[in-house]
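Per-chain residue numbering starts at 1, and chain names A, B, C and D are given in the order in which the chains are listed.
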Amino acid sequence: MSKKLYANAREALAGIEDNMTLMLGGFGLCGIPENCIRELVRLNIKGLICISNNAGVDDFGIGLMLQQRQVVKMISSYVGENAEFERQMLSGELEVELLPQGTLAEKCRAGGAGIPSFFTATGYGTEVAEGKETREIDGRMYVLEPGLTADFAYVKAWKGDKYGNLIFKGTARNFNPVMAMAGKITIAEVEELVEPGELDPNFIHTPGIFVQRIFEGVDYEKRIEQRTITQ
Amino acid sequence: MSKKLYANAREALAGIEDNMTLMLGGFGLCGIPENCIRELVRLNIKGLICISNNAGVDDFGIGLMLQQRQVVKMISSYVGENAEFERQMLSGELEVELLPQGTLAEKCRAGGAGIPSFFTATGYGTEVAEGKETREIDGRMYVLEPGLTADFAYVKAWKGDKYGNLIFKGTARNFNPVMAMAGKITIAEVEELVEPGELDPNFIHTPGIFVQRIFEGVDYEKRIEQRTITQ
Amino acid sequence: MALSKQQIAQRIAQELKDGWYVNLGIGIPTLVANYIPEGVNVTLQSENGLLGMGPFPTEDKVDADLINAGKQTVTMLPGSVLFNSSESFAMIRGGHMDLTVLGAMEIDQNGDIANWKIPGKMVKGMGGAMDLVAGTENIIVAMTHANKHGKSKLLKQCSLPLTGRACIRRVVTDLAYLTIENGAFVLRELAPGVSVKEVESLTDGDLVVADDVCEMTF
Amino acid sequence: MALSKQQIAQRIAQELKDGWYVNLGIGIPTLVANYIPEGVNVTLQSENGLLGMGPFPTEDKVDADLINAGKQTVTMLPGSVLFNSSESFAMIRGGHMDLTVLGAMEIDQNGDIANWKIPGKMVKGMGGAMDLVAGTENIIVAMTHANKHGKSKLLKQCSLPLTGRACIRRVVTDLAYLTIENGAFVLRELAPGVSVKEVESLTDGDLVVADDVCEMTF
C-alpha cells in the first residue's frame, strides 16, 4: 500500500494521455488540485474531456489548460468568469455540456458507487432533459441521468495519509469526495501528509480505498475570487 | 430551532400512530435506538412496517416489538437470531421483505436525497429482482430499485446538539445516517447532548437539517451479540 | 413608488419562520439575510457545502477555504456544518429545505421560471438553480416586475429556456407581492404608492386582484 | 486427504496481493485473515462500516460500538476508516474491492452462486452477499466440495435460489482449487493426496483437468 505514495505531481500523474476523460475537484477556485493542474499544463496533454463544476478563471485553475487549448469538452454546471472559455465556446472550438450542479454531483457519486443511472426531477421540462429518458413516478416527472466515471480524478485535500485516507477543510470539500469515488485512478494532492493513525478513523471524509495515488502538494496559491469583508 | 429539543423518548415520539412505516437504525444490536424502541414497546403501537437491517434478538431491540406483535412487516437484509421472528414469519403473521444490504442502504439514501429510483446490478437474476424492472446498460443487466422513505425514522447517535447535528461512534454509525435522511420526521436519540459549536463543523456525520427532534437517551444497555476476545 | 432591492428583500424576509433552512440565491435574495426579523432564527444553506452561513469575515478571518455559492468569503456560526456537493444536493433535491429565494428573468402563470440562459448570449450555466427549483416546495422569486426595457417579466408563458416547470408559487417584485394560483397571478399586496393599474399594465400574464389586496407594511 | 477448513483458508491466502482491499465472509473466509503471507499487507473491509479491521480485542478493549459484519467485537488499526452503510456499499457496488472471499451452498459451471436460502427452511436473509458478488470482479468461493450428504456442490446448474449470476471464477474446496472458464470447472490444483478421480466423482458439473494440474503447496 505504500505504493500509493508519490513524491510530487510529476510522478503521480504518470499514465495520462491525450483524449482522456478527467475529473477535477473544486468549486470555483476553492479546493482545486492546483499541483495536478500545473502538471497537466506542463505536460500539455491535448484533447481532454474535463468534468469539473467550474472552468477556472482566465489565468488560474482550468483556465490555464484552456489557454493552451488542451480541453475539447467541459462538463460543468457554471462556467462564468473566463473570457478565453467564452471565446472558445462561441467559436465552437470547445464543446460544453452544462448540467445542474446537484445532478453533476450525484452523477459522479453514482459512477463511483456502481449505479449506472438514477432518476431525478431536476431539469425535467428544460433543455437538460432533451434526449434523455423521462418517466412519471408517483405523479411527478423525472429524468434518467447516467452515472459518470473518469480515467483520472484529481482531488485536493487538506490532510491525507499514505493509505489515501483524506480529510478536507471548509467548503474546499465540495466535489472532491464524489470525484475521488468516480476516478478509475484517483490522484489526491494534500496540503499535509500525515502518518497513518493521525487522522481520526471516525472523521475521515474519503476512505483510502477510493484513492490510488497521493502526494504532498507545494506552493498553494488558494486564490480568492470574491474577497468580501465585514468592516 | 430550539423546538427540536425534547426531554425524553416519551415526549419525542408524539404523533406515532398504528400502521405507520418506521425506519430504525442499527446493525445487529449495534447503534440501535434503544430509548425509542423501549417507548414504542410501551406505547404498544400496532400494525407497523419496520425498515431495519436486522430484527433484533428475542429479548432486545426490535425483538421486543415482535413479542407484542406490533410489527406486520419487516424490510431487512438479515433476520437471524430471533426465534419469535421465525415463528411469526413461518405462521404468516409477519410479512418479510428481504433486500440486499447495500440495496437497502442505497434505497434509504435515495429516498432521503429525492431520487425516486436507481439501477443496481445487485440481485439481478435472483428472487430480489422478481417483479422489478430490469434493463441492460452497457452490456450488463441491472434492476430498478425505488427509494424508501418512512413516516418516522429513529436513529441513535453518540453526540448531538439542539440543532440536530449528529456524530456517531465506531460501527454504530451503519444505517443511522441514511435513515436520518429518509424520515419524514427523524428522531435522534443521543448518548450525550452537547452545546452548539462543540461538534467540529468539519466532522459532523448528519447535518441537523435531517433531524426534526432530538433527545438525550438514558440507560443504554449496548448489548453485544458476539463477544469475541483475543487472549 | 417602486421598491428598492433592499425593500424587496425586506418584504421577503417577513415570510421567514423560526427554525427554517433557507437557500438564498445571488443578487436580491442575498440581501434577505440583512432583514431577518427579531426572534426568527433561520439557517442559511450555501449549496457548495455549508449549512449555517455567517456574515462576511473581518479582514483577519478571511479563509480561502471557506466561501459561499457566490464564491464570496464567508464565516461559520456555532452549529454550522460542512459537507460535500452530493450531500448538499441530497438536502435540496430531497426536499429538506424550507425555502428557496432566487432571482428570475421570467416567470409565468403556470409557475414556470427562466433564469439561466438567453439564447445568443454567453451562457454561464444553471449552477444549482435547477436543483433548487425542482427540490424545494416553497420558493419565492425576487425580481423587478419589468426588465430594463420596460417589458413585463410576469408572463403568460416564459419565452426563455426554462430553469424549472410549474414550481413557482410566490413572487415579490418592486411593485407587488403576488401568488400564482390556478394558472394566474394573484395580486396580494401593493408596494406603497403603487396602484393596481400600474401592476396590471406591467403584468403580461393573467392577473387576478385578490379581494383583500392591501399595501405592504414594513 | 481432504483439506481442513484452516487449510482451505491458507490456500486462499496465497492469492492475496499487497495493497488489496478484501472482504472476508463469515465461516472459512474469516480464517483467511490468519494466513496472510509475510510482506503482504491487505486491508480488510467489514461491510457494516469499517475498513482496516484489526484482530479481536483483548478483554479490556471490548467496545459494543465496534463490531464486524458477523457482529463480533473487533478492533481498528492505524489507518482504519469508519463510514456508513451506503458509503460501505458504494465501495462494494462500485467495484473498489480487490477481492471477496465467501462461502456457498452451491456454485455452477456458469459462475452462478447460491448461498442464502433453502426453500422450506427458515431464511435469515442475504445480508451483503448479493452486493458483494455483484460488485466485486474478483471472487473466491471457499467451501467443501460436497455437502454433508456427500452430494456435489459444484453443479451444472444451481438448484437453490441464486445469490448472483455468472459472477464466480474461482473456488477452493477441501479437495481442489478450480477455476470456472467457458462453462466448465477447470481443475487447477489438487489437495495433497487427493486424486483427479476423487474430484471428478464429486463434481457434478462439467470438469476439465488442466494440462498443468498440480498438487497444492502450502
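One rule holds in what follows: a contact is a pair of C-beta atoms (placed from the backbone, for glycine too) under 8 Å apart; a residue touches a chain by one contact, two chains touch by 3 or more.
Computed from a predicted model, the values in this text were never measured in an experiment.
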Selected interface, A-D versus B-D, where C-beta contact pairs are more numerous: B-D
Distance-maximising chain from subunit D - centres being C-alpha averages: C
Chain centre separation (subunit A, subunit C; CA means) in Å: 29
For subunit A paired with subunit D, centre-to-centre distance based on mean C-alpha positions, whole Å: 36
Between subunit D and subunit C, distance of the C-alpha-averaged centres to the nearest whole Å: 55
Junction residues of subunit B - those touching two or more other chains: 106, 109, 113-115, 120-121, 168-170, 202
Where subunit D touches two or more other chains at once, by residue number: 82-83, 86, 89, 92-93, 135
Arrangement of touching chains [line / ring / star / complete / other]: other
Pairs of chains, among all present, that meet the touch criterion: A-B, A-C, A-D, B-C, B-D
Subunit B to subunit A touching residues, read off their complex: 106, 110, 113-121, 137-138, 140, 142, 146, 167-170, 200, 202-203
Subunit D-touching residues of subunit A, taken from the complex the two chains share: 1, 3-4, 109, 111-115, 161, 163, 165, 181, 195-197, 201-202, 204, 207-210
Residues of subunit B that touch subunit D when the two form their complex: 27-31, 53, 76-80, 86, 89-90, 96, 98, 100-106, 108-109, 120-128, 158, 168-178, 205, 222-231
Interfacial residue positions of subunit D with respect to subunit B in the complex: 46-50, 55-59, 62-74, 82-86, 88-89, 92-93, 112, 117, 122-131, 134-135, 161-166
In the complex, subunit D residues that touch subunit A: 18-19, 21, 41, 43, 45, 51-52, 76, 78-83, 86-87, 89-97, 135
